[in-house]
Structure formats: C-alpha cells, structure tokens
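Have a look at these structures, which come just after this line.
What follows is a pair of complexes built around chain A, which joins chain B in one and chain C in the other.
This part shows the complex of A and B:
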C-alpha cells in the first residue's frame, strides 16, 4: 500500500508521542481498513524498531511504547469487528513467568507482539508452575510455550518445566521458548535450562515462535 | 599494606601494593555459615557471621551489606516471594499507581523491621570487620525505587506520559534514599553502592534520561553525607559513562562484564575509580581453570591502573558457587603487584 509514512511513525514511537502515532494509524485504518494498516504500516514499522532494539540502538522505554501501541491498535481492531485483521492463524502460544518470577513487563510485551503476529495468546501471568504451563498447552493444543524469567535464580526454575515436558513425553511436540534479561547476559543458559530457543528482544519473539512451531513434531 | 591503607591509596590516587578486591557474597555467606536463609535475612548478627565466613575464604578488602532491594520495597508494603537459595524477590509492588504511592507515608527507619534489618546488618558487618576492611552498602537508586513501588510498567508510563507525577514520586523516593543512605553511612558503611537503571540509555533514551532522571540523581547524590559508587545496574555503561560525569559524591563507577575498562577510562580520565567486572551470577558456572584465566586476563588488562578495584559486576554470586572459586580470587589478587 502506498502512502504510509513509516519514517514518521517510527519517530513518533521513539519520541513517545503516542497520540500522534495512534492518529497516524487511525487515519490509515479509516482509509484502508485494519488488516491493511497492520500488515503494510504497523508491522513493517515494528520490524524496523525491532531491528534497532536487537542492535541496542533503542531503549526499553521505546520498545515499551511500541508494544503499547501494538496492544492499543489490536484492541481497536477488535472493537471495530474487523476479525480478518486478527485471524490468529498462527495458533496458540502459552506464556507465563516461570515459578517464583514476578517480572511481568517483558512477558506482556511479548504477548502484544505475538498477538499482532496472529497468535492467540494464553497468558498465565506470574509465578506459573510447570504443570500449569503444560496443562494449558495440552488443553489449547498449543505447540509453543514461552517461559519468562528475569534473574538467574528464577531462570533455573525453567529446568522443572523441561522436566515436566520430558516426563509427560511432550518434548519435541511442544517447544519451549525462554526469555528475559538473564538469558541475554548468560551465554549457554538457554541450553542449561532446557530451552528450545530464545529471542534477543520482545519484538523478535514472533519469529522465534514461528520457527519453533515449525519445528514442533505433530 | 592493610586493606584500609590499600583503599586509601586508591582513593588518594597513590599506588597501592596490589588492586583491592571484594565480591558481593550475601546469600553465599548463609551457605558457608550453615544458616537458614530465612534466619540469615532476619537476624543482623547471623548476616555478619555469614560475612565472617566469606572473609575466611576470600579475605577481601571490601565487604558488602545485604544486596537486598526487595526489603526496601517491603518497607513500603510490597509482598515478597522467598526463594530457596537466593535473596527474596518482590512478588507484588505495594501500590497500583503513582497516585496511590504519593498518598502513602514513607516508612520509618526506626520502626520498619525490613529497614532496621538492613541498617543493623550494615552495622554488624562493620563491627565484625573492625576497621580492617571497609563495608559498602547497596541501596536502591531514587530513580529505580519507584519501579519497585508501582512496577516497571507503571513507572515507565509515569516517566513518559505523566512527568509531573513522576517528579513528585521521585521527590519521595529521594527523601527515602537520602535517609536510608545516611543511616547506612552512620552505621559504619564507608560508601554506598547504587545500581542505576533508569538513567541508562538502554532503558530510557539519552534525551529523556537527561531531562527526567539525571537531575533527580544529581539532587539525591548531592544530599548524601558520603560517597556512592555508581553501579551499572545490569546494563553496559562504558559507552554512556560521560552522561554521569559530574554527579556529586560519586566515588567511582562499577562496570558491567560487557564493558571495556579502556573505553570507560578514555572518557572519565585516569583519576576516576573504576570497579568490576566479572559477572556475579556467572561465578558458579566457571571451572577453576576458566575463572583463573579470566582473572589473569583482567589483571593483565588493568596492569598499571592504580584506580581500579576488582569487584563482581551485576548481582550477587549464587549461594551455590563453589567456595574454591573464592579462594581462586584471593590467590589471584594476593600474589601481589599489578
């Protein structure tokens, strides 16, 4: 679609001018509908911002604003009744902070970007027990579980989730994405706790979840 | 040289006999003194006993009082989540909004049991050290305390979209910070150490940090009756360290493991104390050989830098770190020289 000013939208988001950013997106959806606006305007903008985040040229606050805008746009799309913009064709992703972890921001941002990517997100919240993750994944036929942890002491609790998957014979068919600040800081921790993959930022979570879904055995 | 003479030399810009060193081994002290973590983080004397056990293994120049920011939040009413082998975590912030936080009173240093523990543990550790080692007291920075009080998301929201309310909450956080920091110093801490996150461009962009959070730090640090170490707070700071130049009472900067000392030195010059930088939470994962190699590389890198203090970066060492790793650190530094 022609006429989308991606550069200006990026600048609005990075400068935390949320009203201006939402106004641009509203105008685009009014003209072209939510599906086109999300696919051709918001998505490419967030991909550009995600690239900046992964190389460390933008801040958490700027990523947070991007996530908040994604969430607000999705809510408006739901209110508008444009179901086609939210097809949820990627399937179900189960998210939660691992047992004893209460740092919700990263998980919430991942949820926003996954929803925008067409995932139906089952967000179990903070301090989730391994069994609850796996029960939810089985109940909803999810192929990917995302477990978040901020600190080493709680990240190590992901091992119990891996053990739960193993003991129920589900490793391979349900993939385990892990994320949080500590996974960026401690090389090898993903393998150490039994994760199947991680992403360097919340905005790159959709690509990771898609790859893991492809890898999941039927 | 004694530890005090050594650190005095570093502070004065003279050449010490070897680099001073210390590690943040809060919970590890409980493990080494066979103390239940619950008791350890309730009884200041048990904390000091654990630090004495650390001294027996590490023989450091610097000791640390509890690296336990969740207790500051608990003093305001936060719900804590205990962990089996680590410091407690904040399970639920005490307030749901800036407005709610502004309406609540500040906790009393004398009456609140969490704050009393932190102050008395500092005092007991300093008493145990008997002037042979210095004690540094970790404290939540006034620009990060609000994140513990209302949650990271709400604090980001306030900073970005309700700056007037954010400023009011910062004033209250500053009041708490200055009171508690002064109490730590009065209890025998030689310096404070404050991880700073919301002035780092990886958390808040540089322009916003200059406008919103750095003025708060300038005010708060300036009101302290003693020195403070600017801790990297989990993010690299060497690239941005110039942002923090000129903050009052800053005795030095504690760099992250990802930071280059040379890059930081190029900005701050040769007179500023730099500390760091092997990550504390990684200490359990190193084999003795690998740890020794890393220490040797670091000592070689800092050869001739008389204003460097070795200290772990990031958070405390895991409580399950093999005690031999402390002995390796002691050996690496006590063999002397630069």
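This part shows the complex of A and C:
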C-alpha cells in the first residue's frame, strides 16, 4: 500500500479547504477501501489535529473543519455500504450538554468521531437534565455517558448527574466521560464534578470512551 | 459618603454602565477590560488578576460572565463579588429570557460585538470563508438575536450584513438596562453589606 500524505491532508484542513481534503480521502478510499483509509490516513491526521487543538494552536474554524470531515467521510462510508467494515462495534454512548449548557459544537464533534470509531451515539442535545441522561443510558444499555460543558458554572452541574448515577446504584456500571473547554483548562475539575475521565480534544474522545467501556462493571 | 467600590468590567458593558442611574453608577469606580479577551480565556484570567491586584484587599465587583476558567477563584476571594449571569447576554436579558431564547437556538449579538462582528468571526474564530462560517453557524444555531440595550440606534445595515453572511434570520430583542441594573445592585449589596 502506498504511503498516505498526512502532511498535505493536515494542511488542507488547516487551510479550511474541505473539498480538497475530501477529494484526497476519496481517492485513498477508492484505492484502498474505507477501513484502511480511515485507520491509516484519517485517524492519524485527526490525532495530530487533536493535539494542536488541545494546546490551542488551531482556531475554532479549523477544529470545525476536522469534525465536519469526519462526519462527511462516515456518511460516505455508510452510503458505500462499507460502514460495517470501518471499526469494531463499540456499543452505545449517550451524549449531551449538561443542564444550562448550550454549546453544541464540541458535543457534535465528539459524536462524529465516536461514530467513526464504531459507536452508536444517542445524542440528547443541549441542556439535558441528569435523569434524562441516565434514563437514556439504561434504555439503550449504554456503558458510557458523555456530558459536555463549556464553562465552569455549567460544568459544576455535572455533579447532579454523578449524584443521579450514585443514587440509582449505577456508578461503576455506567461510566461518566466529561469534556469541554473548561475541563482542558482546569484538569482538577474532572474529579471535582465526579467524572470518570476526560479527553483533551474531541478527536481523542474515542480512546477515552473505549477505556471507560472496558472499565465499566458488567 | 461611602467609598466607591472598584468595578472591573468587560468593555462590552461600557456604554450601558455609563447610562445606569446615578446612585448606582456613582457607587463604583469602573475599569474596563477589552471584550475581545473573551476569545482568549487564559489571557482574561491574567488581565483580571492584574486589575484586581491594583485594588489590594479592597472589596470589588466584577461585571463579567463566567468567561474564563478560574473566574470562581478570582471572584470569590477577599470580598470580591461577580454579577450573576453565565455571560454578558444573560446579564442583559435575565436568566429566564436568556434560557428561553437559547432553547430556541439563538446566538446573541451584543451592541459592541455587533460593531466588531467581522473581527470576531473572521479573525478571532477563523471563519473568513463565508460558506464555512454559514455551515458552522447553521449546524448549531437557528437564529441570531441582537440585544438592544436601548442606548444605540439598532444597526439595521450591519444586522442585514450579518444575516446575509450566515443566512440565518436576525431579530431584535429589546432588553433595556433593567437586568443589568438588577445584577449590579445585587453584586454591590454583597460587596458592601
């Protein structure tokens, strides 16, 4: 298999040339199939972009382009009938912005990257109450809930979700991933609100969710 | 006469603060920070620390939302109080109205940021490509709301340009200054019981 030009793909994304980036990925998938393209080309590219995002060297627009590309590639893989070959099925993840939080972009990016990684995502949207998170997780047999918050005052509302899990005896069997800008800037906040883990960027969320799934008690 | 309380305020409120009733306005000695610091939260943290350091142990009020990661530590020590509200839009609209509009998918434009909208979106956020900006905004928002504080003529031409750029409808929400006044009076009462 010919090597992939990851540097050029990164440049396309950082220059917001979405069409060029997609064309590059299309050519690779035509040649090698979606599974190889995603595993050996798109994933390593997104990991690099994720590292840039977590140290704040790329703009919101550049992060958005990366998320959009993941979403579009996944849709094309589904259309091609190759989606089942992309990644091992990971089960269900329940996502939402915590109560009073309306910053949807990060959550939507996480949803795209998780789907690309084989997760079935139940996206509950913005301003989600603790009970709604837990009810959805139980209904869908999800092992991981992902709660997003952008600012400290809304991140603190995650404590009520942890309390809901505790009061229903579900802590441990349902793991709680937390994320959003404030968690990156205040690493101690994950423990403070009762999170089981966090990832420094949306691109790195799939690894976190896999680790949490493994940790979840049956 | 009571001593004035230092007020460290986001520049987005400058004109609105100056238009508040004299008894409230004159209770404070204001210092404004550039509202564009909102885009760089760690720099805002540092700027707030620097501004407050000048006040020493004096009770102070911060007229800010929860706009930087360490706002809690900055605003809850040594007699410092922050105005209630998650951001400037909630401070101007009040919690209920803000939340109702957010649930309707609103993105807000304060008067000062309306004037600087190209600087915010094209340069600070990187959305200089119109199609990309449009896709981004339409992915997460359903409408754009201009918060009319009653101090400036509504900038209809600018709002029309914003509407064209994002291809989302713009409406005008007449907020006035009552919620800002309430938030500041409450913060003042806590800082100077």
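As a working rule, the second predicted complex is superposed on the first by the 210 of 218 C-alpha atoms of A that agree within 3 Å, B and C clash if a C-alpha of one lies under 4 Å from a C-alpha of the other, contacts with A are read in each partner's own complex, and residues count from 1 in each chain.
The rule is short, and it goes like this: a residue touches a chain if its C-beta (ideal position, glycine included) is under 8 Å from a C-beta of that chain, and two chains touch if they have at least 3 such contacts.
These numbers were taken from a predicted model, which means no experiment stands behind them.
> Chain A superposed: clash or fit between chain B and chain C?
Verdict on chain A: clash between chain B and chain C.
> Who does A:182 touch here: chain B (first), chain C (second), both, or neither?
The answer is both, since A:182 touches chain B and chain C.
> Once the structures are superposed on A, label A:64 by its partner contacts, choosing first (chain B), second (chain C), both or neither.
both
> In the superposed arrangement, which partner chain does A:202 touch: chain B (first), chain C (second), both, or neither?
neither
> In the overlaid three-chain picture, which partner chain does A:212 touch, first (chain B) or second (chain C), both, or neither?
neither
> Considering only touches as defined above, state whether A:121 meets chain B (first), chain C (second), both or neither.
In the superposition, A:121 contacts neither chain B nor chain C.
> Just name the clashing stretch of chain B against chain C, choosing from 6-14, 240-248 or 276-284.
276-284
> Indicate the residue numbers of chain A shared between its chain B interface and its chain C interface, in ascending order.
On chain A, the overlap between the chain B and chain C contacts is residues 16, 18, 59-62, 64-65, 100, 102, 104-105, 108, 126-127, 151-154, 181-182, 185-186.
> With touch defined as at the start, can you tell me which chain A residues reach chain B in the complex?
Against chain B, chain A makes touches at 14, 16, 18, 56, 58-62, 64-65, 100-105, 108, 126-127, 151-154, 181-182, 185-186, 188.
> For a test of understanding, state which residues of chain A touch chain C in their complex under the given definition.
Going through chain A, the ones touching chain C are 16, 18, 59-62, 64-65, 68, 100, 102, 104-105, 108, 126-127, 151-154, 181-182, 185-186.
> Which residues, counting only chain B, touch chain A once they are in their complex?
81, 83, 85-86, 89-92, 151-153, 156, 159-161, 201-205, 208, 234, 257, 279, 281-282, 285, 314-315, 318
> Note which residues of chain C are touching chain A in the complex, please.
Contacts found on chain C: 41-42, 65-67, 69-72, 86-87, 99, 102-103, 125-129, 132-133, 135-136, 139-140.
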